[in-house]
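Quick heads-up: structures coming right below.
In what follows, chain A forms one complex with chain B and a second complex with chain C.
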Partner chain A sequence: MNNHVRELRETKGWSQGQLAEQLDVSRQTVNAIETGKYDPSLPLAFRIARLFHKSIEAIFDPDA
Partner chain B sequence: MSRQMSRYVAAVGWPAAAYVLSTIVAALLTKHMQPGWPRMLAAALPLPAIMWLAHAELMRLRRCDELRQRIELEAMTIAFALSFCLILMLALLDLFGAIHVTIFAAAMLMTLCLLGAHWWVRARYRYGCPPRDGENAP
Partner chain C sequence: MPRFTSRDYRRQMLVLTTIYVAVMLLVWPHARNASSLPWKIVLALAPVLPVVQLIWLMAKRAVHSDELEQRVHLVALSTATGFICVLCLVGGFLCAAGVLTVGGDVLIWVFPVLCVSYGAARWQLARRYGGLGCE
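Up next, the complex of A and B:
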């Protein structure tokens, strides 16, 4: 699944560690999500969407 | 000791130590006992420590973040399937007299399967890799 987490994070000027802290996950989890190695659980996807004030569909693209 | 390792030791260190100690005591006791109920009870001495260790591992797993949980569970699943097939094959070879497999060798094989599966799953998720240039920079 493709996603725009990295672009959104960079727009905010956060490091992976800072984003991970706000999402209450490890930096490795953020890295794996950004590189498309790992698809987050639904609760984590909601947390990401809320943090960036966007809908889940706007961040995650299931067709890619 | 790395931070990850010290967290692991803090979570399962005491039950692991209890397991090792009770196994040594059980081995020493059963060595000098005649077969029977007392020997069986002595051999079962590590059981509470094993249960304590399993509980501590489960609690540790629950406290991990979701990617870490996925890695641990995937590694355990792969290791179980792999070690089951390998040990079954070795047991059949043993049954037909081709080789002799000891319990110790089987346990070592299971451990190697778990370590190998862990390494493979971590590599697949790039877990523990340092961030590439720009990945961690604001």
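Up next, the complex of A and C:
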């Protein structure tokens, strides 16, 4: 699944480690999500959406 | 809940492994020569205590992991368990058929083989997700 997590994180000027800390996950998990190797669970997707003040659909694109 | 870091895990694992080696070298050899049966049982089972503690530590690590890490732990453990089951089944049938003669002490190797299989499976899965540690 394609997502815009990397662009949103870079817009905020955060490192992967800083984002991971805010989401209470490991940096490797953030990296796996950004590279599309892992699709997060619904609760984690909601946490990501809330953190960036966006809807889940605006961040994750299941059709891509 | 504070994350249980890889460093914490490795440090505690090192302590437990050291205790296990010390017990195996200093305590366990006396089990065969112990005079009373209760004392023999105590000495024979002494190495189990640090191993049980180690298993608890591994479970703690999995519980404190995030969702991707837990997924990796689960798949790796399932793969390792499946491998051990097949190995035991093959060995059991060969023993039953009289092809192979294996003593009961081979059971000591179940946990180490499970750990090695788990480590190999976990390494393979971590590569798939672009490198993964429990930090």
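Assorted remarks:
Following the convention adopted for this analysis, the second predicted complex is superposed on the first by the 64 of 64 C-alpha atoms of A that agree within 3 Å, B and C clash if a C-alpha of one lies under 4 Å from a C-alpha of the other, contacts with A are read in each partner's own complex, and residues count from 1 in each chain.
One rule holds in what follows: contacts are C-beta pairs under 8 Å (C-beta built on N, C-alpha and C of every residue); 3 or more make two chains touch, one makes a residue touch a chain.
Just so it is clear, the model here is predicted, and its values are computed rather than measured.
In the three-chain model built by superposing on chain A, chain B clashes with chain C. For chain A, the partner touching the most residues, choosing from chain B and chain C, is B. Using the contact criterion defined above for the overlaid structures, shared-chain residue A:L44 touches chain B and also reaches chain C. In the superposition on chain A, contact of A:N2 is made with neither chain B nor chain C. By the document's definition of touching, of the two partners only chain B reaches A:S15; chain C does not.
Contact with both chain B and chain C is seen for A:S26 once the two complexes are overlaid on the shared chain.
Note: residues 24-29, 31-32, 35, 37-38, 40-41, 44 of chain A belong to the chain B contact set and to the chain C contact set alike, using the contact criterion stated above.
Of all residues in chain B, only 65-68, 70, 124-129, 131, 135-138 touch chain A in the complex they form.
Note for the complex: chain A touches chain C at residues 24-29, 31-32, 35, 37-38, 40-41, 44. The part of chain C that touches chain A in the complex is made up of residues 3, 65-69, 128-135.
On the side of chain A, the complex with chain B involves touching residues 6, 10, 13-18, 24-29, 31-32, 34-35, 37-38, 40-41, 44.
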